[in-house]
Amino acid sequence: MTQQKMFLSDNAASVHPAVWNALRAADDPQPPYDGDRLSQRMDSVFSDMFGRECSALWVGTGTASNCLALATMVQPHGGVICHRESHIESDECGAPGFYLHGAKLLLADGEGARLTPATVETVLAGITRGIHQVQAHAISVTQVSEYGLAYRPDALAEIGAVAREHGLPLHMDGARFANAAAFLDCPPADVVGPADALSFGFIKNGGMDADAIVFFDPERAELARWRRKRAGHLQSKGRFLAAQILALAETGIWLDNARTANQAAAEIAGAAKGRLMHPVEANEVFVYLGAAERAALRAQGFAFYDWDDHSARLVTAWNTRQEDAAALGRAIAAL
Amino acid sequence: MTQQKMFLSDNAASVHPAVWNALRAADDPQPPYDGDRLSQRMDSVFSDMFGRECSALWVGTGTASNCLALATMVQPHGGVICHRESHIESDECGAPGFYLHGAKLLLADGEGARLTPATVETVLAGITRGIHQVQAHAISVTQVSEYGLAYRPDALAEIGAVAREHGLPLHMDGARFANAAAFLDCPPADVVGPADALSFGFIKNGGMDADAIVFFDPERAELARWRRKRAGHLQSKGRFLAAQILALAETGIWLDNARTANQAAAEIAGAAKGRLMHPVEANEVFVYLGAAERAALRAQGFAFYDWDDHSARLVTAWNTRQEDAAALGRAIAAL
Amino acid sequence: MTQQKMFLSDNAASVHPAVWNALRAADDPQPPYDGDRLSQRMDSVFSDMFGRECSALWVGTGTASNCLALATMVQPHGGVICHRESHIESDECGAPGFYLHGAKLLLADGEGARLTPATVETVLAGITRGIHQVQAHAISVTQVSEYGLAYRPDALAEIGAVAREHGLPLHMDGARFANAAAFLDCPPADVVGPADALSFGFIKNGGMDADAIVFFDPERAELARWRRKRAGHLQSKGRFLAAQILALAETGIWLDNARTANQAAAEIAGAAKGRLMHPVEANEVFVYLGAAERAALRAQGFAFYDWDDHSARLVTAWNTRQEDAAALGRAIAAL
Amino acid sequence: MTQQKMFLSDNAASVHPAVWNALRAADDPQPPYDGDRLSQRMDSVFSDMFGRECSALWVGTGTASNCLALATMVQPHGGVICHRESHIESDECGAPGFYLHGAKLLLADGEGARLTPATVETVLAGITRGIHQVQAHAISVTQVSEYGLAYRPDALAEIGAVAREHGLPLHMDGARFANAAAFLDCPPADVVGPADALSFGFIKNGGMDADAIVFFDPERAELARWRRKRAGHLQSKGRFLAAQILALAETGIWLDNARTANQAAAEIAGAAKGRLMHPVEANEVFVYLGAAERAALRAQGFAFYDWDDHSARLVTAWNTRQEDAAALGRAIAAL
């Protein structure tokens, strides 16, 4: 595998130089866990970013981030309304069942793996059998969705209104939150909208092994601290996780990295117009490609995953070179 | 805080230069999770170290390492015999209750926080009420114990015999396994003895955020993989965890680091003889020190934790300087 | 409410006289839990019924019966393939999530709420993402289904073959097993087919508060005993539960009661032919009835539940009088 | 075994005639679950008994009663302070671990298996390691204790004050609450004291298979309803459980039955004075008896359990005949 032609996933991409520098700079003796200088600064960095009081925790994976956030919202006998193609439903090996002690995922529809007020209401309307049925305790949306589509601020506001009406907190899986922010080109506060907690992905954004959970309610954050420790996610040298997050979030790098990735995806999308399964709004391009076509591209050195028998998923990352994206675009166009 | 006089804990010490080098070297594109070259080599490195077939998984904390190992041994309705001062009982915020789905810790006695065949048998003998009482499903020992004391190979063999007799698998919490190996000065296979799984600590040994779970039974390892993912501990850039572990375990550095730490502790212990609460066999020194004495030492720039009202715990690490240890020894002797 | 016109549910019907007699007869001092004479006879009664070695446990509800049976088959990180309209999915308030410690229900399709080999295979074929996805650990079928439809012995055998091929144990929710047996008119062994455990309903069959879990594998039964106690379902005066079950199962009453109920349902079905949503094979009749029609029937003293806006569910029980069923049939025909 | 000489346990004693009558009277068609007339009356019956607003739920066992009550108080990452010889710790096969999703029992001392403010404070004082240690979320006392000793109202008030000071709800395991009330001879409100929930035992009091959970806070009761259903304890013919409870609680029978049992125990105790391990305050008599002495008593037809190698536990029930108790007393005196 050579780096310049990798379109497999952003989840294993290289670590950004600024992150490396921050890691090395963090290697002086400091109090363990999150008692260090860097961890202590996380709240204020995110408070600045979102323009309101935040409590932020680092954690080693997106799965833990999603599950710990939801654990502050959902009791074991409750459920989470989420899209049936969401990551928590399909790709976390039942982690929500573990972290939420058996709570249920209540599956909703919606184009492009995005919920709508109507599809959320449909799930809620189906909960009619009282004590015999699992009740919704929270809603979870993914920004950007599994198909790389962004929720617009007004769409989020509408879902937030439904949530409020039913007394449900709102969680946002933001594994690619940065890509959404880059695409929407509006303040982070508008990208997160009315969510009560955000699982903010940095690992796909140039980090090594640190994501953040940003709580807009300090009580939830306190609760999450207990659950994080209990889940074995309170690292003793937590300063190294904080360092990664701050290196990206405190500077503009998180947004720059996302813009680079989005731009590369746009480059491919422009060349593959007739083949797109979904509009391209972030750093994922889903293209209809037959088996022979996929083989032809791979023969030219492009690495990517099949999506199904008739299509492929092409993912760009912060370190994708635009010339490689352009080359892939040309190769697809030439098929 | 200045590094040279820190005796707080080994859990937040600096990262060893060899680990930094390995981390940087791992930063090329590779398959995600544990599909990378480095993760793939872990089994053979530990198989070589222990002289028998091993399956090894990386994980981000010692708590997750202990709990995932135990999760392969204990059903939710069972229990784990462990010392009443063990880390899993006292310092993991109930993580075993979470990972084992409510299984119980069955507390045994033993000097210096070490189990003996007799104390294990006492717990087993107390399980007399059949269906009404939680049955033991496993035994967990800590090498070295919470008081820094090592199990001798023959002591382990005896506990292993009890375990076998009762059909119980044996887990070893080896957060400071390296320190035990350095002290016992015998092959790693003898330090782990009859344990079926070892939670092998590297974070306290110069690593950044990677410990290993070493299974001597490949089926257990397979089971642990599902549980690791489900607990949100399967990192996408797992190559960085493998890199840390290999940098220490594959070379002699893990043992060198432990020897350095042990030697520093021995230095202090030699000077504090009359005050020792426990023999010093690893890198922890428990000394009787009154409040005024502790204050006097701190005034001289030594940082450490109180153990209780009448004593202190002094911990050395791979990067403790012998002259600092010597200075601390002299300062105690001069009190 | 008057008994003779109740078609609400069989779950709250009266207790059969033979059960009352057995309860009274059980009221002499005996060892607690399941040490009494009656509990001790359960294994042999079901072994006789099914013609092979059985271990049977009493339990207070169908939900506990289903969940305890499944708990012997499914690990917390696994899943159960079941119909998306099954009781465990829809009507047990997430009890499987509790008893299985967060395991997932993997939903399959199939007409009349019955699985087919093909719909089971479809679910299995969708489990392609390895460690990231919950794997199937068991299959659960309902005999008769939520729509009152019976699995034929050959259909069960085919599902059993799929289960065996994939190494999955098979559970049968037999809340209305007796009604299936009455309809199929074949030996109980053929009604249960290749299932490894049967949740055998007696509460809907004239019992008061006792269902049985019948295991065809004694190891599973042993495991279930621990889980039953741990779930607070090991009653100290268990002899009263055993008494109920034996009063029905040991005599022909369980089958007679089911036949009576089925016959009453058939009576209604015969009169409501053009309106049936499903064939009527047991004691449930689903009929298309508009709001005005339902009101008209209720005005005549018939009690039943709406199924949805356009239909009603009519359930008969062991104590439904044939003349009431006939009257209901005539009333529907006359609409 | 003959009834008149049984001193094994009150948990398997006969069912009181009034309970039988109530059961038979309940056998008319009524709405399922707890929608029936009898279940609907439980709140007011206990409100009258305790002189304040109560919400009461029936449940099939004392274990479920204790665990469901605690489930409304304790989060999965918390703990329950209880006596180290309490039933929830020793005799429920880890049920609290199941119902509380891995929460920990924090064990306290106290003579006669009763907590004191001081022993509770000792446990609380030991919780010093912040995030690393399980925090107390509730306190549980047992009225009467495992050794048959009653908490006096002032003792309860003191424990209640500690609970309040630390913001902890208080649970009372009242498996033998009636015996406590009979002994203390004061209003039920004083016997329960400041407890927020009471697991009120009726099975040992002449019931068949129904205990009550009495909540003094309706929100907790609402929560418990979900958990009860999810635990498979919401019986469809719940009217039969309500009937049993009402038959005892609504009349004076619950207290009469306890008085009879206590009196029989007092009779034995009076004759066995020099041999008592504990004062006798309820229906349990712990007597020092050697192996030969126990054998001699059994030879005379008295049935009872050994407590340990040097003692026996003699338990009376509502249906123990005073002459049998007197005979046992004489037999002991004559040893």
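Letters are used for the chains, namely A, B, C and D, taken in the order the chains are written, and counting of residues starts over at 1 for each.
What we mean here is this: a contact is a pair of C-beta atoms (placed from the backbone, for glycine too) under 8 Å apart; a residue touches a chain by one contact, two chains touch by 3 or more.
Bear in mind that the values here come from a model prediction, so they are computed numbers and not experimental data.
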item: Chain C and chain A - chains in contact with each; value: B, D
item: Most distant chain from chain D, judged by the mean position of its C-alpha atoms; value: A
item: Distance between the centres, which are taken as Cα means, of chain D and chain A, whole angstrom; value: 50
item: Centroid spacing, where centroids are CA-atom means, of chain B and chain D in whole angstrom; value: 42
item: Chain C and chain D: spacing of chain centres that average the CA atoms, whole Å; value: 34
item: Residues of chain D whose C-beta touches two or more other chains; value: 76-77, 92-94, 97-98, 101-102, 131-132, 226, 229-230, 234
item: List of chain C residues in touch with chain B within their complex; value: 33, 76-77, 101, 131-132, 135, 225-227, 229-230, 234
item: Chain B - residues contacting chain A, complex; value: 1-3, 6, 8-9, 11-15, 20, 23-24, 27-32, 59-61, 63-65, 67, 92-95, 97-99, 203, 208-209, 226, 229-237, 239-241
item: Residues on chain A engaged by chain C in the complex (per definition of touch); value: 76-77, 79, 90-94, 96-98, 100-104, 129, 131-134
